[in-house]
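Each of the next two complexes has chain A plus one more chain, namely chain B in the first and chain C in the second.
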Partner chain A sequence: MDATLLKSILRRFKIADYPYIIENWKSLSKEFSDVNLKHVKKADFVDMVMKKFKHKSNPALAIAELDILYLQKYSNRKLWKVLTVDVIPEGDSNNLSTVAEFENRLRKEVRSYLNAQVRCIEHQNTYWIRIAVKDAKNDWALPSVVYITHVPNTNYLMVTGLKATHKDYVLQSLVTVLNGHRVVDSHLSGRCLVSLMRLVLNKHSQGASLSFGGSPRPVIEETLPENVYNENHIEKRNRDNFVAENYGLAKLPRLEKIVYKLDTTFKGSSHVPGMAGSDRPFHCQVKFEGPSVLEGLRSLTAAGLAALPMKEHLAQDRNTTHNTDNTDYDKSERDIALPSGVAPNAAFAYYVDMFVVIPMVWTLIGELWQSYKQSKTISKPYSDIPAIDVLDDKKQPRRGDKPSKLKRRRADRRILKNGTTKQKLDGVDNKQKPKSRRKKSDTSREDGQKSGNADAKQTSTSDHKDDDSDTSKRGEINSGSTLKTGD
Partner chain B sequence: MSRDLNQFETLRKDELLPFNKLPIFMQEVMLIVGIQGIGKHALAKAIVESSTSKTLQCRTATHLPLPEEHSAERPRIDMVVFMIDSRSSASYIQVEQSLQYINRQYFLGKICFIATKVPTETQNLEVESITQLCDDHGSCLFWMDPTSGADRTVVAKKLLEMLNISAGLKPGITPLLTDCTHRLLNMQSF
Partner chain C sequence: MSVKLKSPSVQRTSRTPWRSKRFTRTPITRSLGSVSYTGVSTRSRSVRNRRSSIERTPEEKSFNGLVLKTWHVYRLSPLYKFSHETSALRNYSRMLSGHLEAEYNVGMAVITENEKANMAVFSIVRGLQKSGREPEAIQIELKQKPIRGDAEARTVYTAILCCVGASDDVLEKVKQPFVLLPLMLSKGPVMLNRYLTSWLECQFDCSVHAAHFSPLSLSWMVAIWVGSEAESTKPVMLKYKVPSEVEGLDHITLNINSKDCKVLWDCIHSTEDKTCHKKEVVTFVQALEAHFYHHFQINISAMPLCMIGTPIAVAESDGKIKIFTPEHVHQILGLVTEVILETSIEL
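Now for the complex of A and B:
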């Protein structure tokens, strides 16, 4: 089993990474000293490693090391999530000064809950932890591996690949090792691990000194000849000052996504009258996505496309260390006019006017809904269920499908029933009328005969009319069939 | 009749006027309007370099109306050039808005448009919308690649010719006359 695991890890690397493996793989670096890597093929390299691996006493540790090496090289391929450990302020410190101590303690904790392998490596002042959990097939497969990075003497954890099945156990053991009492989600996630660390560790740096641990970018000053004069130079200077104050001089960390979530009242009731009286909060979400959103916001401001001063939630984003902002229901009325943060000039991509977009979206949804409903009701003459239930009921046939045998039988039975009832009704007085449902279908049968297709069109008008129109349709079918039976 | 019309003509406070100030001897002033980062200063430098006169002045602005600071010191502006970036619709919108702050007398040959040449993949504006804007205002349009020096110098020389005429430095020719000759080469007439 180890061999297949090792092969799968080795095949992930590119050929250009082989020198990197040989340099950094501590378990096997001595045996690799005489290897010539010129023009080596992937399969040959894998075979060579497998041969040398046969004599290894503790293969699991070496595999874990190789996996961590891959993670260090390609950490951008994972989505990392930042968790904060709430440390007990007056508690005893664990005095875990070295990686080995940390690893031993963590292994002990994790193994009390799970059948797992724990490996921890220190690289660039960061602990890289790999916890492989044995899955249901009794296998150390890669999908059930949890990777954690932790900067010592801080209470932040960057986690990836955490499954719900062993989430609680892993986090609990980490909390005990770090001497905390609970773990809180920081609402910060991204692919660039270094950026996340920069954001989290330089949380409190403010103003012009804001650098996130990076070196300041070179300032390019434009020199103009005497005859060229910039009319907006005061405006430009103010904007540059604002950018330097709010975003600092260094290059900003990379974040792929910023999400603003907002619960507000629905304001497009003129378009969707059905929503007018509802008191339920309306969930809105605005997403900024790109390779580096913070840098994008900065350059948007520097280019003069964002109106100044910017709204607080946009300008102060890099200090909150949140990727996802939840805004309260009360605040929404006065504070969260997101569109006013960005100039109307920037309408092409960044101007997100919630209160214009949402009614539009709602009308669109309404139209789609109506058309969907109409299509459902028209294309399914055999269904006796109202159109709303059709969506929920998964067992209902699709549009193109033929109705099942059972359905056909049921429909036929109903036709026969109604046919007989009609024959009876013709001869009986009004006092002995059947129950209200049959009465409804009967009355609508007459309407159906009169108006024909006009009833089918009514289905799209409102939900309340649906039942009637459906019954009327049923009436149409029944009336047609009664004639047949009569014949 | 024309006098009556002039009587009722109302001027905006922040409107750019061609004849509200006295001209300075042998001075020609050009104003380049365009979004930030479009290459206004590079073009202005090219114009200054290719000109022999020392009294030529190039002013750049991101939008109109011009800021009120130093408005008293600002000389009379003889010609306005609008730059449109084909990659961003924001630049087009900004030019459209700025055109409202220009006096109608500028449209008699004292105005000109420049659109940037970009690869079609990155082009965000339709060519037709740009040519339509120029034809609506009865002015000529130059296509220029702001990154290439050769393009800049060619356009700068053309602009200098127009500026000389609109500043009244070429005796016997008025900007209206050149504008009438340009009209034959209207974009939409082809």
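Now for the complex of A and C:
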């Protein structure tokens, strides 16, 4: 059975992969030192490996390693599902710091439920786990294999090949080893493992901030012939700017499918007046399919098939199975089933990220205003400050007024009327200024940086929380957008 | 020097030298099938539905071979000197078997042993006609007889030639010795289909073309079929193909609850009305697209409809249909025949 399994795995590889096998297959690396791969045929290579394999003491280990090598190379041939483990936050004495410890612990747990072989390999800071479950009835049958990828110190598992009969046992073992209390389906699946990891682990650096982190998209410039003129080039430019600001310039992660479940009332009543007053939910499911759906949705906007501004709830973490016209959802609802194919908070964070961009802009404006205030109070020497008029809100210069000389003359006249001298005017003590204004300027001078940081902190936590306190800001800044909490 | 061919029966306009109407226009109204069949008992439809759970009429039983299979739809021009008599059908079976053998001997096509057929059987399918003027449907089965043993021959390929619900105008135009069987449903390997179509073209001087359903035809289908009563909970599906200039996204699919869709259709079209107007169909589809637009701001109406699904049938733009219930076979095939006759060139 081992020999047949090994042959089947070897035949899956292409001839061009043989150097990769020789370099990375640790179980048989010594035996391969003298191998010449020039003009080698598949059958010859398989026979050679089988001969060297016969003398192996631990064949199961070698098979597992080869299988994981194949999966690392061709992970896009499997459909991966993302699961989230709710880890108990209290400190645990069982700190599984190495792969070997993790493997031993997992093997104990799995073997208590199933007759299975467990193998873990660490590759590029990721644990690749292979659990081969043997069928109790037929010893000669090939085992059903479950592959799991786990990034240490995170809550996420990418699983493929999990059958219903083994599902509970395998997941229970993993939950015990990771010190969690339950496993939740993240409703995220796809064929590109790297994209799934990127979506799940880099939730808060999606969208516009992808320009600074991810791999850049090749910019293709249209070259039109001389006698062809694009009449809508301004609209096209606006659309391209919108896309670049909201989706970023980098390549988006690959997802094959995004599904939305809508339970809202019918919204096409302009065409069908008979459905206008109906409160009955119109159950509908929308599926976007393609090799890279996120790129496709971005191209839809760029191609003009999607109206601007694009509906932000495409990226919002909206639980549409509970969606009604008045959506005022709590944080707890965000964790429930979301558009499958998109990770929970990543759904909100990455796609069209107004919620990151707007608070950043708001803090920037705040800081600019603070610095402007500082510059007004500090930059000029005291002797140059016309003491009363500029600082007095009531006497603001009107349009058409002459510059400060006129103000000074008026001030002189007032003071002379009151019996004070000019000298006093020049050396006006700042203490006579309104107290509230002085305090503000003092605090801004001393604690300018701290207040700015506090603002930034507040906005950053609001980004993470995505709470409704930001909605008012959204409403103010994006008056042109269709973002409404009641929608 | 140009030679002008004049036919006295054809009207010519002053503008063009050829016929004024080369293609028929798509109709503005269609009847929703007040069905009366010959060869089927004339019970009312509600009575028949009640009885269907207990016992089926023989004609509905025979439709089990049509149901739950994906058929490729072809359109045929009228067949010259096709006879429905038993002796003629036996003759055709013999000729077709010989033709298949000859094609295998030529050996041009790569065909697996499982897909080889060495026997052809022509038979009549009763009950598919809507009126007595229409010719009876013909079923052609290509079977593989085992070389050894007395096992039964295995059917490898099936084709059904029928005419369901053709209008009287069209039936009057097709006179003897021509026989109108415009709809061909085909299921099986591609090479066998090619052999059959080449033989039909040679034998009966007809032309066989794969049918394509336009987005408007698919809209007609989804609107009419949504209105029919069905017990199934299958959703109503509208699948749109995204233009190729949009990279990464291929299809957008809308799956709507069939009951909600029926409520919408009843708001647009009254149940008492036996004819369906084009405006109602367009309104129905536009309403669904508006509902989608409200949520996603995507102009799905700019994309072509490539597949529709209802609780009773599924149809694709490249000419595939699948029927789920035997009770609605006439309604479905009738609409498909109408659509095919509209797309063919006027005789």
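In the analysis below, the second predicted complex is superposed on the first by the 250 of 487 C-alpha atoms of A that agree within 3 Å, B and C clash if a C-alpha of one lies under 4 Å from a C-alpha of the other, contacts with A are read in each partner's own complex, and residues count from 1 in each chain.
The rule is simple: a residue touches a chain if its C-beta (ideal position, glycine included) is under 8 Å from a C-beta of that chain, and two chains touch if they have at least 3 such contacts.
Computed from a predicted structure; not experimentally measured.
When the shared chain is aligned, chain C comes close enough to touch A:296, but chain B does not. Between chain B and chain C, the partner in contact with more residues of chain A is C.
Of the two partner chains placed by superposition, only chain B is touched by A:228; chain C is not.
Of the two partner chains placed by the overlay, neither chain B nor chain C lies in contact with A:118.
In the superposition on chain A, A:171 makes contact with neither chain B nor chain C.
Within the superposed three-chain model, A:5 lies out of touch with both chain B and chain C [touch as defined at top]. In the superposition on chain A, A:306 makes contact with chain C only, not with chain B.
On chain A, the surface patch touched by chain B in one complex and by chain C in the other comprises residues 303, 305. The touching residues of chain A, when paired with chain C in their complex, are 260, 262, 264, 266-272, 274-275, 280-300, 303, 305-311, 313-314, 482. Here chain B touches chain A in the complex through residues 31, 35-37, 41, 44-45, 48, 54, 56-63, 66-67, 69, 88-90, 93-94, 124, going by the rule given at the top.
Residues 222, 224-225, 227-232, 234-236, 303-305, 345-348 of chain A are the ones that touch chain B when the two sit in their complex.
Against chain A, the residues of chain C that register as touching in their complex are 235, 242-243, 245-257, 260, 263-264, 267-268, 283, 286-299, 302-303.
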